[in-house]
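Both complexes below contain chain A, partnered by chain B and then by chain C.
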Partner chain A sequence: MTDASFLIGLADATVSASTVLILAGLGELISERAGILNLGVEGMILVGALSGVVATVMTGSYWIGFAVGSICGLLTATIHAFLCISLKADQAISGIMLTLLGTGVTTYFGQQWASAQFTGFPDRTLPVIGGLLVEIPLLGPTVFEGPATDFVALGLVVAVWWLLTRTNLGLEMISVGEDPETADTMGIDVFRMRYLAVLIGGLLAGAAGAHLSLAFNGIWTNNIAAGQGWIAVALVIFARWRPGRLLFGAYLFGLFNSLRLRSQSLDLALGPESPLAGLLNPVIEFLLNPAIMSMYPYIVTLVVLVATIVLRRDDDSAQPAALVQAYSREAD
Partner chain B sequence: MWMSYIQPPVTVMTDDLLRMESIVKTFPGVIANDHVDLTVRRGEIHGLLGENGAGKSTLMKVLYGMYAPDEGTIRFDGEPLRLDRPQDAIDAGIGMVHQHFKLIPRLSVTENIVLGSREPAAPFRQENLGDGLLATLRSSDPVQAVASRFSLGLDRPQRRISDLADQYGFDVDVSAPVRELDVGQRQRVEILKALYRDVDLLILDEPTAVLTPVEAERLFETLERLVDDGLSVILITHKLKEVKSVTDRVTVLREGEDIGTVETATVDRSELARMMVGRDVLFEIDKPDTTVGEPVLEATGVSAIDDRGVDKLSSVDVRVDAGEIVGIAGVSGNGQKQLAETVAGVRDPTAGTIEISGQGLADASPEEFVAQGVSFVPEDRHEHGCAGDLSVMHNAVMKDFRDEQFGDSVLFDYGSVGDFASELVDDFDVRGVSDVTTNCAKDLSGGNLQKLILARELARDPDLLVANQPTRGIDVGAIEFVRERLLEQRNRGTGVLLFSEDLDELFDLSDRLLVIYEGEIVLRTTPEETTREQVSVEMNGGGEAQVSVADADPADTATRRAADGGRSDQ
Partner chain C sequence: MLVDIEIDAREQTPSWIAYGTPLFAIAAALAVSVVALVAIGVNPIAAYVEMFLRPFGTVATISNVLVRATPLILVGLGVYLPMKAGLWNIGAEGQLLAGAIVGTWIAINVTLPQLLVIPVILFGSAIAGGLWAFIPAWLRAKWGISEIITTLLFTFIAADIQLYLVRGPMQGGSGGFPQTELLPEAAEFPAIPGTRAHVGLLVALLIVVLVYVAMNRTRFGFRVNFVGSNADAAEQAGMSRYRVYLLTLVAGGALAGLAGISEIAGNQSRLHASFAPGYGYTAVPIALLGRNGVFRMLLAALFFALLFVGGNRVTVAMEVPSAIIDIVQALVILFLITAEFFQRYRLSVSIGRRDDGRSIRGTEVTTDD
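Now for the complex of A and B:
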């Protein structure tokens, strides 16, 4: 039965680990659909994580902490929005600056909070039907029991999908990401729409950070994001800018992550009696090395990028046509 | 809808829908509009005529709220109109069909059309509210504000767009994504976009630049119907033929200045041309006889595919001799692009051989074609003819930068490169260039960019010039210039392969004429032997039986080859 409990533990960890990717990924997806690449996800997650801890310790409420963390992520994104939309600065440079800024600021101010004790999000089930859902074998305890932020993230997948495909606002956001000049001629305020998208992106990245410190880790540590912001950026590409696929990708990347954390207990090496043991065991050991496993999300993203280009399936799900393009009305 | 039609008694009723007075718009270093007046009457098609870069598009962007004018007033429907953004123009009842379509390929026709008009979903529409408490709640401002943002009702707009499309005979699938539509259909979507917004004035910016003659004819029929329904239309163009055939009045701009407005019926084509260009324009071309030399291009059995892998050329034979212009006529998309690119060396043929001045080059790199004396004027001058973000200077030496006069093998001699570029700009009358090192190629207007490309290609004194649609979309002054240069080059012994959709151009310039249809040469003749009608029929694939007409003249080797080729294909 160790295998079964390992699987349940793995599934549970996967679902937990994916929430931060779902939240941050959805935010980046919205921002990119409106044409603004934000490579500052990592920085915004860190800011959200630390400010969430600070607010929770000070108020004693993890919900207030979550809200403050989200809003601080939004405020961080405002810098990016101002630089890239109003000043038309280079989006890649501004985003990387944001990540470095977030890392530096949270490392400096985070020292005194590293040992802070607080009550984070407890595991819970959904109201009313939760009790029944948890009884489902394997799936029940893994998906339907967890911190409230897990459910928030799942709800947001549907909400973002709805926003982008079923609302006027979504249509307008997509239009400024596809062709801002056309959107402008249709009477859409391109700047306002792009600001909105980038700020929502920051809000969700901040929420991802607050989830990380308040629900997933239950503690603030330096560089708590540990590259998950970058994985979220890769995830958006992997998902071909679609919320549904983003959910799938987040689980896949979350699985890589929890496998990596459990790689010590993963013993897939062939027994000495196997004729191929000498040949394959070093390969298996290499593939299960935590450092190597941490690259899997990026490798999969590269494979997806190559596959979409080779298979020419690019036309219906490809990246927003005006991604990374600044817009100004009189410069054409 | 947005404006009261009940005029106050003091206002004198006028036939003028739009009055733009004394509009000035400057860009750094350029006066794009210099005190321009434009008055459009109700229910007329008003032409706005001018060369590329004369300021037509700028004036219309001012009228559409995209550019803020430096000076001048706009009155629409008798009232002063202040335009800070396109939405103001839309609200006033002005619609615009831009030269480069403003459509988002990913979205459907309906989505493109309703974009920005914030149609709420069905339960929140005024007429669906009914009575009762729930209705009061749903009609309250906050709920309506939320509904207009967080819901989307495409069903009713889709019905209305379908109705409009039916009314004007547009064959457009309103639920299809725009990327699946062809150019003509996309333009009809643009018109629907304006009609959907109940415009009073429709601006069309060079609408026929991208259309085939048949589609253009259809567009004009549509415009007539729109005007019959009470709309006013501004037609921006540089094509005199269009001005004469559809407009009621025409305003002419030249280098940003207002040359005047005339009733179209009172002027003839050459007068319009003079107003537009500022001098007499020759419509006749003097073509001296020359003696042809050795073949510079011999393409045999050439087949090629397009970017999607579809067969576009099947076993085509083309020969061009030194000192002749061989014209290729055909409806767009019948393999001209592939033939041009293959013989110019930028596309690999899937079969066949290409000899340039006797040298076999079928699998050679573009560089070897260039070295062998092949020059190429591609169809899409922005995409393939230049590097838009590089300076005019860089673009001018793009093919010959390795030449000794521009430096040694390591370093460029920018002094001589700049001098060379300036010389080309002067020689070819490329306008809009104040400094060859800082002006980017993409900022040149179409005609001027084409002159620059032609200058680059001809300065090398090539053995073979492949020119694909060299005069498409450029103004009469530039057309005249390009044609003269092509002839001049022919007289100097260059073999020219000229692809064009303009039959007048082909008949005026060509020594020999080939017609391409579905990737095959279906007729080989000369302008003297054939008629525009016959070529037109062949271009549309209607002349299989008439190959024998060409067969009847065995003296012409080209014709003989055509007849042979025709037989062996069957």
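Now for the complex of A and C:
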């Protein structure tokens, strides 16, 4: 059962499936580090996916489609930013309603694009060194061959890590998510910084959507995000707000997903000669059920969320202190 | 020339603004949705007449609205009650599913006379919904872990369990569809004579009254309101935030659980994969729109029931995609939270004059009645 082709297929599917989570998760991570929870990611992914398809069909260029999808995600995030930052509305409510709006609008207008034909991102290798990298057994074809958006996502992990830990802009962004009052007294424009973070978050969510429809699925279908935006929200908690761990988490959740899709061919049941077969086989069968497997990311996230708080293992990269808190300049 | 925009916190919200805000939000949402209707070549006036007036045409159509309203009232209360304590039960959908699953299981597997079995089913569903909210409630009360995230995570888990059950262990009926077998006749909620509405509606209305009494006439209600408006002050006054959080969120889960089974036993007769079109999520807009009193929440539930029924009518009659329901729902709340800013702050624009340049002040004015 664990032959090489199964493993390669599994690894390949895992890496492909994780790109959506990486892009959307990085966006959510930036937004949350600046103190704004964005539960609208699912909606922004959908908006990015549909607008990406529309633009690709109209212009014939999947790169333009990708850009348009990203920008439409950003525009949706503008509503969230305006409501939560300028109007100090409740972040959870605004986000959930944007997910509902994004689902509604894309379903409403998406019907006619469901059969649209277009050329999406082809699989390719990196220029110059790509040919060599693909020769690496197992790792080569899975990581170094794929749609260009896969490489964009991996590059962004490094870029976001660099932004948040090595640049002034990133440190200012983090400071408005930790202690906006102090940041303000130090001369950082809290409102502008938070806007910037939410808009980048929307841009990346839109990019995740455009990747989903233009590279991963190659077609638009209603509700194409299928809950991946919610998994991205969970992923940020799982990753404890760190880009590196987010990459690991995205692969782990991607692995759950590709295992689930292949669960039919997974045969981990104990042979009849094993004394524990009668006891354990029903358990194994239950745990490998596709419906049960799709809840693993949520359970893992719950466990991480609870464990870090209960065991007080909160390190410097734990939850931003001012997350979900609106900021106003107090006059008194 | 100087244009000076000044934002001031209001000391007191004028009552016309407090009462007018929900109506403004609905009107604005319908006005924007005209764009969506015109974009697909539908006459918006005809569509709105079909959506919001035709359902009042006959007793049968009115009872359709009441059938839709029944789970929405119950699950709306399930979000409303914790909201009064300052908690967001965003995952009412999960508690609704838990109630539906356990209630259906009892209905199929426990054979009792109708007068006995229905209370047992209701009780079991309420317990299931309450238990599903218990862990998030406990995590919030004891450890301060955001109930927004945990109730959501529990919702996704409940949805997967439901799928697992209707495809596997609880699958029944012919054709191998992802659904259970039909509920036995004794377990079906009896209809109110002459209508399609069922006793679940009476249960829901009774609970609305009970919640009203509990919130406005008892010490429990006083505590919930106190914790909800200022948890630290309440704690200093000797009230246990822990107990209030635990009680309201678990009670909210129980009410959401009742909503789940009332939809199955009162309307759909079996549990299937998509029996609840997001009622648990709609509960959040309902509670928000009616946040200033339980009877206003009841009105909000009736409005969203009308929206669901009307949305299905325009889908059938005018081929408007049923997603119009989601669009209107989301816009109502987005406009509501926009308008609420103007409940709290006064905006004044003055030209050519400059005064002391006061900026936004964070004083919150509650508008509870």
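Here is the rule we go by: the second predicted complex is superposed on the first by the 326 of 332 C-alpha atoms of A that agree within 3 Å, B and C clash if a C-alpha of one lies under 4 Å from a C-alpha of the other, contacts with A are read in each partner's own complex, and residues count from 1 in each chain.
In the analysis below, a contact is a pair of C-beta atoms (placed from the backbone, for glycine too) under 8 Å apart; a residue touches a chain by one contact, two chains touch by 3 or more.
Since the model is a prediction, treat every value here as computed from it, not as a measurement.
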Exercise. Looking at the overlay, what does A:171 touch: chain B (first), chain C (second), both, or neither?
Worked result: first
For this session: Please work out whether A:88 is in contact with chain B alone, chain C alone, both, or neither, and reply first, second, both or neither.
Result: second
For this session: See if chain A has more residues touched by chain B or by chain C, and give me that chain.
Result: C
Exercise. So, A:44: does it touch chain B (first), chain C (second), both, or neither?
Worked result: neither
Exercise. Does chain B (first) or chain C (second) touch A:199, or do both, or does neither?
Worked result: neither
Problem set entry | Touched partner set for A:294, first chain B, second chain C, both or neither | second
Exercise. Looking at the overlay, what does A:329 touch: chain B (first), chain C (second), both, or neither?
Worked result: both
Exercise. Between chain B (first) and chain C (second), which does A:309 come into contact with in this model arrangement: first, second, both, or neither?
Worked result: second
Problem set entry | Intersection of chain A interface sets (partners chain B, chain C) | 329-330
Problem set entry | Interface residues, chain B side, partner chain A - complex | 27, 64, 66-67, 85-87, 90, 96, 98, 102-107, 111, 115-120, 148-152, 179
For this session: Can you check the complex and tell me which residues of chain A touch chain C?
Result: 37, 39, 79, 83, 87-90, 92-94, 96-98, 100-101, 103-105, 107-109, 111, 227, 230, 233-234, 237, 289, 291-292, 294-295, 298-299, 301-302, 305-306, 309-310, 324, 328-332
Seminar exercise, completed: Touching chain B in the complex, chain A uses residues 163, 166-172, 174-175, 178-179, 181-189, 315-316, 321, 329-330
For this session: Would you mind writing out the residues of chain C in touch with chain A in their complex?
Result: 36, 39-40, 88, 90, 139, 143-146, 148-150, 152-154, 156-157, 160-161, 163-164, 167-168, 281, 284-285, 288, 321, 323-327, 329-331, 333-334, 337-338, 340-341, 358-362
